Every structure is written in C-alpha cells, then in structure tokens.
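Take a look at the following structure, please.
As written, the chains take the letters A, B, C, D and E, and residue 1 is the first residue of each chain.
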Amino acid sequence: ACSHEATTHSQEMNEFTIGYQKNAITLMLREDEQFHADLEALGYSVDWAEFNTGSSTLEALGTESVDIANAGDIPSLYAIANNHPIRYIASTESAPHSQGILVQRDTDIEDIGDLEGKRIAFNRASIAHYLTLKTLEKEGLDLENVRPVYLDPPDAILAMERGEIDAWVVWDPYLAAGEERGHEVISTSEDVVAYRSFYFTNEAFLTDHPEALEVYVDAVIRIGEEVEDDPSIATPLLFEETGLSEETWHRILDRGINIADYNGPGVEEDLQQQADDLLELGFIDDPLEMDSYIVEGKELSNDE
Amino acid sequence: MTNKAISNHGLKHVYKSSIAPWVLPIVLLVVWQVSVSTGAMQLIASPYEVLTTAITYTVSGEIFEHIGVSFFRAAVGFLIGGGLGFILGVLNGMSNSSERYTDTTIQMFRNIPILAMIPLVIIWFGVGETAKIFLVTAGVMFPVYINTFHGIRSVDRGLLEMSRIYGISKWHLFTKVILPGAMPSILVGVRYALGVMWVTLIVAETIAATSGIGYMSMNAREFMQIDVIILAILLYSVLGKIADTLAKLLEKRLLNWHPTYQNLRNS
Amino acid sequence: MTNQQNGVQLRIENMKKKFGSTEVIKGIDLQVDAGEFVAVVGKSGCGKSTLLRLIAGLEEKTEGTIYQNDAPLSKENDDARVMFQEDRLLPWQDVLTNVGFGLQLQNDWQTGAKQLLQEVGLEDHASKWPSLLSGGQKQRVALARALAANPRLLLFDEPLGALDALTRIEMQGLIEEIWKRNQFTALLVTHDVSEAIMLADRIIVISEGTISYDRDVPLPRPRERSHPVFKEIERELYAELLEESHKQQTFAMQS
Amino acid sequence: MTNKAISNHGLKHVYKSSIAPWVLPIVLLVVWQVSVSTGAMQLIASPYEVLTTAITYTVSGEIFEHIGVSFFRAAVGFLIGGGLGFILGVLNGMSNSSERYTDTTIQMFRNIPILAMIPLVIIWFGVGETAKIFLVTAGVMFPVYINTFHGIRSVDRGLLEMSRIYGISKWHLFTKVILPGAMPSILVGVRYALGVMWVTLIVAETIAATSGIGYMSMNAREFMQIDVIILAILLYSVLGKIADTLAKLLEKRLLNWHPTYQNLRNS
Amino acid sequence: MTNQQNGVQLRIENMKKKFGSTEVIKGIDLQVDAGEFVAVVGKSGCGKSTLLRLIAGLEEKTEGTIYQNDAPLSKENDDARVMFQEDRLLPWQDVLTNVGFGLQLQNDWQTGAKQLLQEVGLEDHASKWPSLLSGGQKQRVALARALAANPRLLLFDEPLGALDALTRIEMQGLIEEIWKRNQFTALLVTHDVSEAIMLADRIIVISEGTISYDRDVPLPRPRERSHPVFKEIERELYAELLEESHKQQTFAMQS
C-alpha cells in the first residue's frame, strides 16, 4: 500500500502530495508563491490531489496516497476507528454558524420541535448527521421522530428545490447557497456541537518530514489571517472554481473561521467528546483515545 | 470399460464441472488471508474478519433486507430496461428507416455516464424509487439493445430470403426466423445486462437510499468500514455468479438446436 | 392442396443482369405458358440461378422487363416459391416446422407438412434438428417444403443434386405427380439431362448469358427412358452443350 | 433515368444517410429549449445557456484540456483493458480447460461495481493516474471478454473441422479462421466497451482529479452548475457518437466479406 | 506436388456407430490397399458420410477399430483430407486463400493454389469472396482445395454433385490425373453410378449400415463408357441398388 508513486518520490526527489477539498484556504494555498518557494528551499515540491468528500480525502491519506490533507472532524474519527494512521496537525476554532438546518422557503416549520414527522435530508456519517442527532436530542427527539433522507449535498439541494424534503442539515458553502435560494436557517451548530476544520498528515510523513509540515501549517496560518483581514482576496478565485457568486462567498468567509493554528488545548477535548458520542450512538465499535493522534504545535517543531 | 474406469470417469467429470471453477477463487482467498496475516497487505480486512462481519449481518437478518431491496430494484429495472432495449433493438434491427432515425440518438444517450445524469434524474424523477429504477433501466437498456440489434442484423440473409419468398407472415417471420436466429447474440446482451444491473444499482443507491447492497457498500465507505465494503464486493460477485449461471441455463435451453451448445453438452 | 389456382404465364423481355461490371445475363427473351414445365440446363456459372432469382424478384435486374400474366413484375414475386440451390433450412426449427414454411405455418399445416414429409420418405425424422440430417435428407426436406407450398409458379434450383439415383427417380415421380395435380408453372434447373427430358415440356439451354437452345419435349407421360425420342433429345442436348462448351473455350483462348 | 432523377436520387441518399439521423436530436433540442423557455421544465439550463457556457469553456481552452486529459486516460485504459479482455476471451474461447479454471472467477469479478471497488483501488494503486487507468481497464475488459468469448465459441463448427482436417497451423487457424469468424461479435464488444470507457472514467475522475470531463461534471455537480453538467453530458454524447462512427467504419472494413455489410453498402 | 509419399493402407474391423439410440453403421469390415481408389455408393441417409467421417477421425466410433498402415487410429487422422459434402469455404477469405488451405498456407502456397484454381476453371475468380460464387463454382473451389492437399488419404463426399455433365467429366479427369500422379488412397462417395465405374478400382455399396456389395472394376484406364464391361457393371450396380431398396421397403412395411 505504501509503494505509491508520490511517497516513493518523496524519499528520493522530495515530492509529496497534498489532498484537499475546495475552500478558501486550500485554493489560495495552491496558488501561493511563498509557500512553494519555502518548500523549494527545503528541497520539496508539491503535487495536488482534489477530493470532494472528507472520507475520500482521509481514505487517501490513511493509505499514504497523499501526505497531507484537510477535512472535517467526524470523518477523521471514522478513519481512526478503522485504523487509518492519520494525525491532526492543525485546526481552526469551531465555526458554529457555518453549518445549520435549512427549511423550505414557505414552510411553517419554525423551530426544531416542528421537525417532528418531517423529511430531513443530510449526508450519512457526516458532521451533518452528527449535528442532526445532537440537535434533535436537545429537543428530546431522535431520528425515530423524523423521516431522515440520506442525500449528498449536491443531490439534496435539488431535492430541496423540488420540495421533496422539508429540511436540510448542511454546511457551507451549501448552507449559504441554500439561503441564497430563499430557504431559511432555523438553527446552527452553536451550543450544539463543535465544528472545526482540521489539517492532517499520516504517521509516516510525520516521522520523516516534519519540516515540510511546519512550512505547510505556517502557510495555512498566514493565509487564514490574510483572508480573515480581507475576504475579497479569495472570492474571485472561489467564484472561478465553484461558480458560486462572490457575494455568497463573502458571506461564507465572513461567518466562517478562517484562521487556523497549531492544535491548542480545546481541540483534544472536543474530539474526545465527539468520539465518545459516536461510540454511544453506535457509529464506532471501540472507544478512542484521541490524545495519541493529536500533534501539539510545539511537538512538530521540536521533532527537528 | 470396467466399473472402476467408469467411476473414475465420473469423478473426473465432477471435478471438471464442479471443482475446477472454484480452484482459482480459493487460491485467491488463501493468498488474501496470508497477505493480510503476514502484514503484506495493510488496511484490508482479512477473510476471517469479513466472515465474522458476514455472520453478524446474517444473524441480524440485515443482509437479507439489503439483498431483498436491491433485488427488487434490480429486477424491476431489468425488466423495463431489458424490455425497452429489446424492443428498440428489434425495431431498428428490422427496419432500416427506424434505424436511421433513432440509432444515432440511442448511441449518443448510451454514452452518457449514469453518474453524470444523476442531477437531471433527480430534477425529473426526484429522489425516490422511481429515480433508482430509472437509472437501472437506463443502464440495462443499452447492452440488450446493441446485442439485439446486432443479432437481428446478422441473421443469415439466405434464411430471410427464403422466409420472404415463402410468404410467411410478419409474426412468424419474427418468432420463427429472426428471433431464434438473433437469440445467441441477445443472450450475450442479457448476460452482460445482468452485470450492468448491479453496477448501476450501486450508483442509484447513493441517492436517498436506506437499504440495498449499494447503500450498504457506500455507507460503509463513508464510515470507512473496510470489512463491510469487502463483504458488499463479495456479495456482488456471488450475485453475479448466480445471474451468470441462470443465463447459461437459459442459453442451454433456448439454444439447444445450436451445434455449439450440443457439443458442450456431450463433452 | 386442391387446384384452385392455375399456373402463371411468364414473359421475359430483353433481360440483362450485371454484377458490378460483369454481365451475367446478357439479354434473355423467354415466354412460358401457364402450367408449362420448363427445364433449364447450362454450364456451371452460366447464370441459371441468377435467372431464377430474377424471376422470383430476389435480384434487381439491370435491364428488361418480366411480365407475369401480362403485368410487369416489380419487387418480390408473391406468386413464386423457390427451392433454392442450398437447402436453406432453419437450423432452429425441427424438420416438420421447416416443411410447414411451405404452408406458411397456417391453418392445419402440420397435417400437410407430415404428409409431404412422408412422401419424401422422412416421416421418421419429423422432430429432428436439420443439422442432424444427411445431405440428401436435407435436400428432400427442402423439396417437401417447396412442394407443400402449392404456388402458381415454382422454381426449382437443382432440387435433386444430392440424391442417389433411385431416390432421385422417386422424387422425380413425386414432382411430376404434384405438378400434374396442381398445374403450377414450373422452372427446373438441372444438370441431369435425362431428368430434364423426363420432366419438362420444354428444355432451354443457357450459354454465354443468352438462350442458345430451346425445344419442346413431345413425349407422352409417364415417360420411358428407352423411348427413341428420349434418346434422340438426349443426344441432341449433349451435342448442344458440347458445342457451346467448345465455342466458349475457343473464345476464351482467342481473347 | 434522366439527370433529374439521378440528382433526386442523390439528394434522397444524402438525406437518408446524413440528415435523417439528426432529426430526432434536433427535435429533442427544440423541445428542451421550448420547455425551459416556457417554464415547463425548471432548474434546467436552456440550450442557449449551455451554448454560452460551451463558448466560454471553448474560448478559454478549458474544454480541450478536459477532453485531452480524459481522452488520454480513456485511450490507455481502453488499450490495456480491451487487450486483456481480448486475450482472456481468446484463451477461454479456444481452450475448454482454461475456461473451466477462469471463467467463473471472471464472471464474479465482472459483477463488482467500479464504485464499490474504489476503496480497494486506492489502497492498492493510490490516487494517481494508475488508479484511474486501472478502473477504466477493469470496466472495458469485460464487454470485450464476453463478446470475444462468445464470438469464438460460435464460429461455425464445420469450418473448424475443415481447418483441423487440413492440418492448418495453430497460428493460421487463429488468424484465418477463428479471429475473422469471431470478428462481428468482437466488434460489438468493442463498440460497447467504447461506451463503458467513458462511463467508468467519470467514476475514476472522482478520485483526486483536477481535470477531465468527469472531473468537470462532478465538480459542476458539487456546486450546482446545471449548465456545466449538461455541457458535460452533451460532450459525452458527442464523444459517444464519434466512437460509434469509428466502430462502424471499422466494421465496414473488417467485415467487408459479410453479406450483411455488403448489402448495407449497396442500399 | 511430387510423389514423395504413398497412399495409406486401411483396415476397418467391425465398425459400428450409433447416434443416440439409432445405429447408423451396423458393423462394417473393409480393407483398402495403399493407393487404391474405392467408390462408395448407397441410398441417401445410408451412412456414407458417416463412414468417411469415421475414417477421418471426425466422429467417435461406437465400436470396432480402424487400422491405418496397421496402426490403430485414435482421434484425428493426420494423413487424411476430406472434401466435405458441403463446400465449407471460409466466407471471410477470398477464393485463392480458401484453396491455399489445401496447402496449409505454407511455403509458396499461392503458386500451387493458383494452378489448381486454373485446373478447375476458376482462375478469374481468385480474389472473389466465396459468397459471390455460383453453387457449382463453390464446389469446384472445394475440390481444388482437396486436390491441392496431396495427402496420403483423400476422402471425397460427393465432390461433383453440383456440376453440369460436361464440367463433371472434366473434373473426373482432373481427379483421376492427380490421383494417378500422386498415388494417394482415395474413397469417393458418389450418387452417379457411371462416375463410380469411371474412376474407381473397386466399388462398394452400403445398405442398412453394412456393405452389401463389393466388386473390383477390372477396366483399363482411361475408361470408355461404351465398353461392354462398363455397361455390365452399371447394370449390375443398378440391380443391386434396386434390390436393396426393395428389401428395405419390404422390411419397413413388415415392421
């Protein structure tokens, strides 16, 4: 499994692969000259591999097809539960307003309680699944009380337009796209679950190339700050890549958390909480000890 | 021939027809178990683990529910799609002008991946059963169409001429001449379609499904349960083998006039 | 198999047929009366089958017209049935059904088909696949199919070529009998000169794409091979064929 | 025939062969435009919008990049998969014992949906070009296999007997008898495989791709760009038509001995 | 086409062949000398083709043994070539290549194939597809293929059935000439009694699955049809066939 081209190259020619899902930071990073220059100075060059789901990104990372990746928290827990040797190297703060529950534009659903018996779409095994469960739980409901419809976001938005579902639990940019089409947000993940973005590597790459990781994390931090300062530096690129309007992206970037950092103290706590929740929900079979997978910021540089 | 020779011969026959085909699968199974056990193959569940999972799913009855649901979708889609493909193949095979007007269009549709069509299918048919069955229908239609068309077009011209000159009715021309003549090729199409059926079903079962083998397998992928993924793969291959065996039986029945199948029977 | 219809009358005018650039039929004029039995003789490759196919409407003519009962023929000839040079049996239908094709598989075709199968001596093989028959048996099945059809025009393309001498004579008797009964018009291509004389009212020889010889056979039926006129026509025909053959060879050597 | 009649005939021929096939696609196009304009069909981009998108993509050259990348993957996968399918089909078609040992296994593999295999493919081949080409290879292999196998098995037994009794060499038996005899069926397989090639490619291009028609279409799907989705669909159908036309030309060339194809040429 | 090999000697002992439950060959004993030319005559469906196929090793015998040069034959017979009752031309190879099969497509096969094609009078058709030939032309191509092969044992199954009388005589001459030149052993199935007498050293009649008649033809070559012994054998053969036929009919009626 480890004999993939990119990794063998990384030993000889110091080429490695970054797997990414499209968002402001990763797209900016791909175009960033300083990042590439810094790497080159260390003798590295980068290959980019695009993915459209967190699980496929982490699948590739776990099998050492890529060396660095970004994804959400929930898929990473499944990856760990299934023995993928991945490590958390950086994260953002939780961005509670970047995901939530949308309802049809002219519906009489006003709060979570009204969802009883309604058709709710979300992506199975995703953060939205988790959010749905936790949100319902807060109102004393569970999936038995609603009619879940398992849909990937691109399919769900069409189902929403056709009126085949009443509510849709999803994250940005789909949340914003839904709002743009006149659907209403009745609840977000605020006070319900943490919603972080993470940056990952795998065990082998962490051992062999911590210096490259440091360059990477530093660049992610720097670009995050730049975008936070002025989202309009990213919106044209995002528009070009996704076809969503620049205004929509402005809204997304404004309410999102763009600034990442080396893992701080809250990270392990949140992840452990989520892992325990998943165990309780029966989504994973064995308890996870999250601290062994989290690389604290200093550790990364100390390894050198 | 002595009795012993006969029973030897019988044993040999049993070996050839019932054991030989399974030698390779069993070898693969052993290689798989060994390479997982020795760590040569990582991240893959071993046959033993998969077996355990299979037992769990079987005991809980979950596996039968998935198979049942998928089977229903597959069967309905197969009947509609196979039927359409057959009818179109017959029309275009028998009529040049029908071919002229529709073959190009069909060839263009044929090439559109199911996956690319999903957004349009959802817009038109929603996310319910209709959409799923539509996708299977679309997938199954084309192999049956192509092979029916080809089969009909390659019926011996001499026999067609004979049938026309003997003033046989259109109906008999079709049932007694063209259809049996095209049958070997049509059955190849059916055999292929039986495979395609499952292949498109997995795509269909990514849309708002809550059961079915495709759902089981895609869900397992989301949860990264490699043992379940492999279980689903094995299920597909077993179902494939069953479908194939049925198709072969059908061939033997329908083509009993054909020297190829007679000889296979004798040997 | 009653005689409700009569044979058609045929008139062929200046018919020509080219395959690509080679002209196979080079201008044939021929008139066949209703119910007449005409034998066609000629060297291998001279265009006999092509002539039959043209009359049946299976081949497009390059030039000329065929009138059938004075109406010009276009496309397929509905009144004609052909016993082809090859057997053209459907491999996926049993022998009986193959014969049934002559009866268009209509009404009570089984009875008729069985009877004809018996007349060609193959009643025991009714339920076999054609591929299991011997060469001569296949030919007889095709003959049974053609005779079962009872058309107004029956075109035989070497119907008895694969049969032994005795079976052949039996089958000749059968053809003659059914022809007499049903009075269809018949064209019979044959390589057997005595067969032509035995059966036909009239014999034509095709050579070089035209009709080089045409004579009536004024013998009463049933005919006797030992009849002096029989012998005479036989000699005459052989002489004609031989002469044509020499002509061709000379021509070939010159060109 | 007068000159006029001849030119009439010529026009008719042009109509039949070049215009008639496009009547239905054009009708569909008009129906589509009308139903979008009148609002009868919602959420779907109109032909006009799709055309605009197509022009943008063409002017920027992006479309050629996507086509080029996909074409490369498709071609390599097709050659490998088609080659393997052909070789296996030949082996199993010609040897009963080879068939006994491998056909069951092949039939079982054939039935596994590409989509279900992705996790294993990533584990074995990573996410680079190898994985993508492997998937196309796997998809293309089976239709070629089945049709080659069937084609070889249905070569006229009488001709095989003749060839054996004349002591023809194995090589000539294959090249002069079996291969040409199986060719009509093999070409049906090739034609079908040319479609399957694109169908599996779109699945392959969901794995870590940044270009290719499949990427273009799946990316558009992620972000609800219906016009791009439809553009991709149209691209697939045009590519399908081209592939099909090529296959037909190949048929005409390779099967010029075949009465079916001769007659088509004449009429 | 030089005479490097000699014909094989054949000895058939108590051979039987059943298809399913019907016994087609019911016990045949036959010895054929090296280089001998044997004609096989019999009613349609009596088992002539089956006998040839058994000798060629194309059919599994139910009982009995075939010795070839005293070695028992198992599986296919490498020394034998067959001219089948059907033409069995490859539709996808041109006429020349089809004849080339007789030469195993080896060495300078084109030259040999062209020569034989000329000898059967089809040199102009060398590059045609077989499907465009007339029935008799196809048969001659198959004959050319068989004669090109120059084997030690040549089995003809009605080689000239589709040919007109004159072409037939020419082809008989050709067969005889090549047989004399190459001295292979020949078995010829034919329905034409005079053809059998013309060509064979010995004639056997098959009836009811056994050999009912077996006699030498002690005529010098080239033979004359008008020779009294020729006529005598002809009469004798017809009588034999007729008698066998009557016997069968009586038998059939009784059973």
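Here is the rule we go by: contacts are C-beta pairs under 8 Å (C-beta built on N, C-alpha and C of every residue); 3 or more make two chains touch, one makes a residue touch a chain.
Predicted model, so just to flag it, every value in this text is computed and none were measured.
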For subunit C and subunit D, which third chains touch each of them? B, E
Which pairing of chains gives the most C-beta pairs in contact? B-D
Mean-CA-position distance for subunit B and subunit A (Å): 39
How far is the middle of subunit A from the middle of subunit C, if each middle is the mean of its Cα atoms, in Å? 85
Using mean CA coordinates as chain centres, what's the subunit C-subunit E distance in Å? 27
Per the C-alpha centroid definition, the whole-Å distance linking subunit B and subunit C comes out as 49
Subunit A residues counted as touching two or more neighbouring chains: 1, 59, 63, 154, 158, 161-162
Junction residues of subunit C, two or more chains touched: 86
Where in subunit B do residues touch two or more other chains at once? 42-43, 118-119, 123, 206, 221, 224, 226, 258-259
Touching pairs of chains, all of them, please. A-B, A-D, B-C, B-D, C-E, D-E
Using the touch rule from the top, collect the residues of subunit E that touch subunit D in their complex. 56, 58, 76-78, 80-82, 84, 86, 88, 90-93, 97, 101-102, 104-106, 129, 131, 145, 149
Okay, in this complex, where on subunit B does subunit C touch? 158-159, 161-169, 172, 176-177, 180-181, 183, 257-259
If you look only at subunit A, which of its residues touch subunit B in the complex? 1-2, 53, 55, 58-59, 62-63, 75, 78-79, 81-84, 121, 123-126, 148-152, 154-155, 158-159, 161-162, 164-165, 283
Name, in rising order, each residue of subunit D that touches subunit B in their complex. 16-17, 20-25, 28, 42-44, 96-97, 100-105, 107-120, 123, 142-143, 146-147, 150, 153-154, 157, 184-185, 188, 191-192, 194-195, 198-199, 201-203, 206, 214, 217-218, 221, 224, 226, 229-230, 232-233, 236-241, 243-244, 258-260, 263, 267
How about subunit D: which of its residues touch subunit A in the complex? 42-43, 118-119, 122-128, 130, 206-210, 215, 218-225, 228
